[in-house]
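Right, I'll just put the structure down here and ask away after.
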Amino acid sequence: MCRWLAYFGAPIPLEAALYSPAHSLIDQSLHSQLGAEATNGDGFGIGWYDHTPTPGVFRSIEPAWNDANLRELSAHITSGHFFAHIRAAIGSAVQQTNCHPFRHGRWLFMHNGYIAELATVKRDLMMAVDPSLYCDIAGQTDTEVLFHLALTFGLEDHPAEAVSRAIGVVEDVGSRHGIRDPFQGTIATTDGERMWAFRYSSARKTRTLFFTRDVRALRKLYPDEEVLRRLSDDARLVVSEPVGNLPGAWHEVPESSYGVVGMGEDRLVPFKVQEPGHAVAVGV
Amino acid sequence: MCRWLAYFGAPIPLEAALYSPAHSLIDQSLHSQLGAEATNGDGFGIGWYDHTPTPGVFRSIEPAWNDANLRELSAHITSGHFFAHIRAAIGSAVQQTNCHPFRHGRWLFMHNGYIAELATVKRDLMMAVDPSLYCDIAGQTDTEVLFHLALTFGLEDHPAEAVSRAIGVVEDVGSRHGIRDPFQGTIATTDGERMWAFRYSSARKTRTLFFTRDVRALRKLYPDEEVLRRLSDDARLVVSEPVGNLPGAWHEVPESSYGVVGMGEDRLVPFKVQEPGHAVAVGV
Amino acid sequence: MCRWLAYFGAPIPLEAALYSPAHSLIDQSLHSQLGAEATNGDGFGIGWYDHTPTPGVFRSIEPAWNDANLRELSAHITSGHFFAHIRAAIGSAVQQTNCHPFRHGRWLFMHNGYIAELATVKRDLMMAVDPSLYCDIAGQTDTEVLFHLALTFGLEDHPAEAVSRAIGVVEDVGSRHGIRDPFQGTIATTDGERMWAFRYSSARKTRTLFFTRDVRALRKLYPDEEVLRRLSDDARLVVSEPVGNLPGAWHEVPESSYGVVGMGEDRLVPFKVQEPGHAVAVGV
Amino acid sequence: MCRWLAYFGAPIPLEAALYSPAHSLIDQSLHSQLGAEATNGDGFGIGWYDHTPTPGVFRSIEPAWNDANLRELSAHITSGHFFAHIRAAIGSAVQQTNCHPFRHGRWLFMHNGYIAELATVKRDLMMAVDPSLYCDIAGQTDTEVLFHLALTFGLEDHPAEAVSRAIGVVEDVGSRHGIRDPFQGTIATTDGERMWAFRYSSARKTRTLFFTRDVRALRKLYPDEEVLRRLSDDARLVVSEPVGNLPGAWHEVPESSYGVVGMGEDRLVPFKVQEPGHAVAVGV
C-alpha cells in the first residue's frame, strides 16, 4: 500500500532520515522491496514538530522521488520528531486530502494497510465517528476514518486503547457484512511527545514494521556509516521497511503488538483488539 | 461562488462557447461581474456528451484562464451538449473531486451557490442519502451531497421533483439546526437529452441565471457577430452570467423557477420546494 | 527513460490501445520490463489527429497509472492516428512543457533515450537551431532540442534526412566536447499522414523498438483476443516495448534503421547519420 | 504582472508578513489594487534564509490564496530574511521553473515587470549569458534570463552595477530590434545579508515600489496594530504594493533608483543603466 517512517531523537534536518541512507524512504517511493506494491508514487506527506503548538504538515500529490519542494523543505526543516509517508493509492483519488499523515490538534496519524471492502463498510464506520468530528474528515481514505474512530474512542487520553477499540469497530462492522479479515496494517500516531506504533491485522499476517536498535551499538558496528553520526544517542527510527543497508540495525516489531517510543522508557506491548461494548449500528 | 455554462444544440467545438465570445466563461474565471467573487480560480470542469454511453468529464485544479490542456481539449472535443464550470472554493479543498460537474451514469450535475453552514448539517444530509450511493460521494462539496440527495429522491425518473425534495431536505435539516436561509443556488442537471436548470434560494434572492433568446432572432439583431454564425438555429446557452456583449440576447430565468431545455419544447416552470414527507433524522 | 506507443489505422478510442491489452502502456508506467527504468511516472502525454488542422495534445505531470483525466479522455477521444508517451525524467523538471509528444504545426515528435551530457552541449545545440524557432522551445528536454534541430534541417519536407542531420549535429557537437556516444534513442515523428520511427544510437546499442505484424494474420493466430477485433485490418502499432501478451505479434525494428508507416506502402530502411556539411560552432 | 514582498529583520514566522496584515500579499493574489493585473494566480514562490548555507525555496503552480501548503509552511518556517512572490503569467507556462524567486548559490532574485517582446530578443540575450551559466536557466521567463545576465556581469561581487549592465544589455538588444521601451520592472535581489531593490523602466514609468518607515515610529502612530508588535525595531518590508492599511507607513522608492537594505546603514541611490561596453551580438 504505502511506506512510512517515524523519527524521534535530537533535531535533525528531515533529509538526514529521508534521503541520506541507502534504500531511503524516498528510494522506496520508486523501488520498495517489502511493500505490497513496488512503487509508492501516489503522493506523499510529512508532519513535523517544532516550537509551534501544532505540528506542521506538508502534503503533495506528486511522486516523492522527483519532488523539488520535498527536497528543499527536508533540507531546511529541522525537527526532533517527524513522520513521513509515501502513498500507493488503492481506489481513492490522488489528492492532498488523501495523503498521510493526518492531523488533529497536536496529533498525527499514518497507516500502511487497509480496511477491507471500504465501500461496503464506510457508511457504518462514519456513523460510528463522533458527530462533532464528522466534518473534520476531508478525504476519502480508510485511514482517515480509522483515525477519527480512534479520536472518538479517546485517542488523546489513552491512545492504545482507543486504537484497539477503533479496530474493534472495523472488525465488528466488517464481520457483520461478511467480510473476512476486515483490517490490515501498521499504524503510527503521536502527540509530539510520545509515539505509538502498531502492527496488527485481522488475519494475523501484518505488513512488516521495524525499529532501530540502540544508535550507540550501531555506531560500534558501523563506525564509518555517516548517517549514524548525524543521529543522537537516543534517536529511534520506526519504519515499514528498513532504510539503509545495515544488517543488525533493525528489530522487527512482532505480530499483534505495539511499541511506545518517547521521552521516557520505550516499551513493546502485545496488542489486542477490543470488541465494541455495545453493538455498532449496521446498515441503518 | 462559481460560474457555469450549459450548451444544447448542433455539435460545436467546446471552444466556440467557452473562449470565443467577449466576456466568455474563461474570461469570467478571472473577471466575473455578477458572481459573488470576481475570481473563480479554484479549479474547473467540463462534461460532454458524444457517441459513448456516458458523458466524458475533465476536471482540473488549475485556474481555467491559463490552462493549456483546457484550451487544447476544447478545440478538439466537439459536442452537441456540454456543461462547463469554474470554481471559487468556499472552505473545501482545491482538488479534482471537488470540481463540477459531478456525474452519475448518464447524468451530470453542477451548481453555483451553497448549502449554508455545511459543517453543521453535512452528517444529517449524508445520512439521508441512499446507503447504496454513499460511497459514490468522492469529494467534500455541498453540491455533491445535494446531487446524491436528488439521486436518492429519483432524479433519474422525475428530475424536477427530485431536486425539489433534495432542497426540501436541506431546508428541513437546516431549519432544525436553526440555520436561516439554508439553501442558495442555481443548478443544472441533464441526462444528455434534456437539461433542467433551477434558480432558487431559501431567501428568494438567488444568484442570476440566464438563457439565450432564439438564435435566429439574434442573428438578425447582430448580423456581424461571428459566434452566432457558429451556432445552430436551435442552440441554447444557459449561463450564470451572460457571455458575449449582446444586449437583448439574454433572458433572465425568474426567481424560484426552472427551465427544461431539450429535444422537444422548452418550458419555464415555477419551482416549489417539497417538504420531506417524513421527518429526516437529525443529529442521530 | 521513457516508453511510447504510436497507432495508425481505423479510428479507435485511445483506450483500446492504451489500457486494454495486457501489459499495456499504462501498465508500463508502473512496471516496464524492457525500459531503462521500471517506473515511468514523471508525467505523460498524448497527441492525436482528428478533423481539425492541428493535432490535439494533452500533457500532464501526474503518473499515468492513476490519472482520472487520462482514463476519461482516452475513452472519449477517437482517432485514427495518435501518439502516447510516459516519462521517466532524467534531470529535468516534471512539468508539462517537458512532456512528450512535442508539436509544431501538424507535426508531432516523441523520443525514448537521451542526448548524453546535455548540460555540456545544450548551448551549442540551441545555437544550431534556426533563430526563428528558438522561442518555440518551451521546456528543458533534450528531445525538444532535437525536434527543433530536425525542424531546422527540414523535417517538414524530408523527415528522415532532417532527423539524420539533427542527430549528426548532436554527434558532432558531442564528440568535440569529448563525449563518448552522444546519442541514444528511438524516435517517432508524424505529420498526421505518415509516421517515421527511428532506432539509432551512437553506440549502436539502441533501446528496443517494435511494430505489429499484419493484424489479419494475428487474428488467425489469436481468434479469441478481443483487442485484435477492435483493430482494423490495416492497423499498426509501433512501441518501445510490446504491449499485450501475444508471442509472434511483434517485429523488432533492427538496429540503425527506421520505418515509415502510412497511407501507402510501409517501408523499413537502414538509417545513417549525416555529418554536418559545415562545422557547427562550438563554445562560441 | 506580479506582486512581491521582501522582509529583513528579526526572525518571524513567514505568515506574520504574508497573511496577517489587511490587504496582505496573499490577499493581493486575488485582489491587487496597484498591479497591472488584479489577479496574481499563476503560481507563487517563497525563498528564505536560515542556518543552512543556501536559502530554501518553495514554489508552486497553485494560486496562493487557497494553498494549504503555503499556509502550513509560512506558519512553521521562521526567518529573518525572506522573499515572497505571486505571479500573473504573461505568455509563459504556469510551472514551478517559471516561479520566482530564482536562486543561484546564496543569491535570490525576483521581479515584477517584463522584458518587452521577449520572443524577439530572447536568443540574443541568452547568447550574452556566460556559457557556464546557460544550463542553469530552467524555465522560460524573462526574469530568469535577466538574473543570469546579472550573474554574468558580476552580481555576486557588485550587485548594483551588474543589474545595471544586465538591463543595459536588454535595452541595447531591444533597441537594435526596434523595440520601444525594452525593460520594465521592480527587482529584488539578495545574498542573505544585504538586499538590493531596484525601480526602473526604459520609459521611466515604473511599477510602484514601497518600503516601510521606521517600525518604532509606526508603533507610535498605530499603538493597537498587532502586526507591528510582531516586528523587530529594525524590521523592513519592501513591497510592490503596500500591505496593511496604515497611511503613513510606506515610503515610495523614487523612479530610477534603488535601495540597499541590510545589516549596516540603508541607502537609497539613483539608478542608471550602463550601456554595454562592447556591442552585444544580435541575430547571430
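A, B, C and D label the chains in the order they appear, each numbered from 1.
Note that in this section contacts are C-beta pairs under 8 Å (C-beta built on N, C-alpha and C of every residue); 3 or more make two chains touch, one makes a residue touch a chain.
Computed from a predicted model, the values in this text were never measured in an experiment.
Any chain touching chain C that also touches chain D appears here: A, B.
Residue numbering shows that chain B and chain C use the same positions for more than half of their mutual interface. Chain centres here are Cα means. That of chain A falls 40 Å from that of chain B.
Of all residues in chain D, those touching 2 or more other chains are 68, 93, 96, listed in ascending order. Within the complex, the chain B residues that touch chain A are 92-93, 95-97, 118-119, 122-123, 126-127, 131, 134-135, 138, 140, 283-284. For chain A in complex with chain C, the touching residues are 30-31, 38-39, 41-42, 61-63, 65-66, 68, 89, 93-94.
Touching chain B in their complex are the following residues of chain C: 13, 48, 50-52, 56-60, 68-69, 72-73, 75-78, 96.
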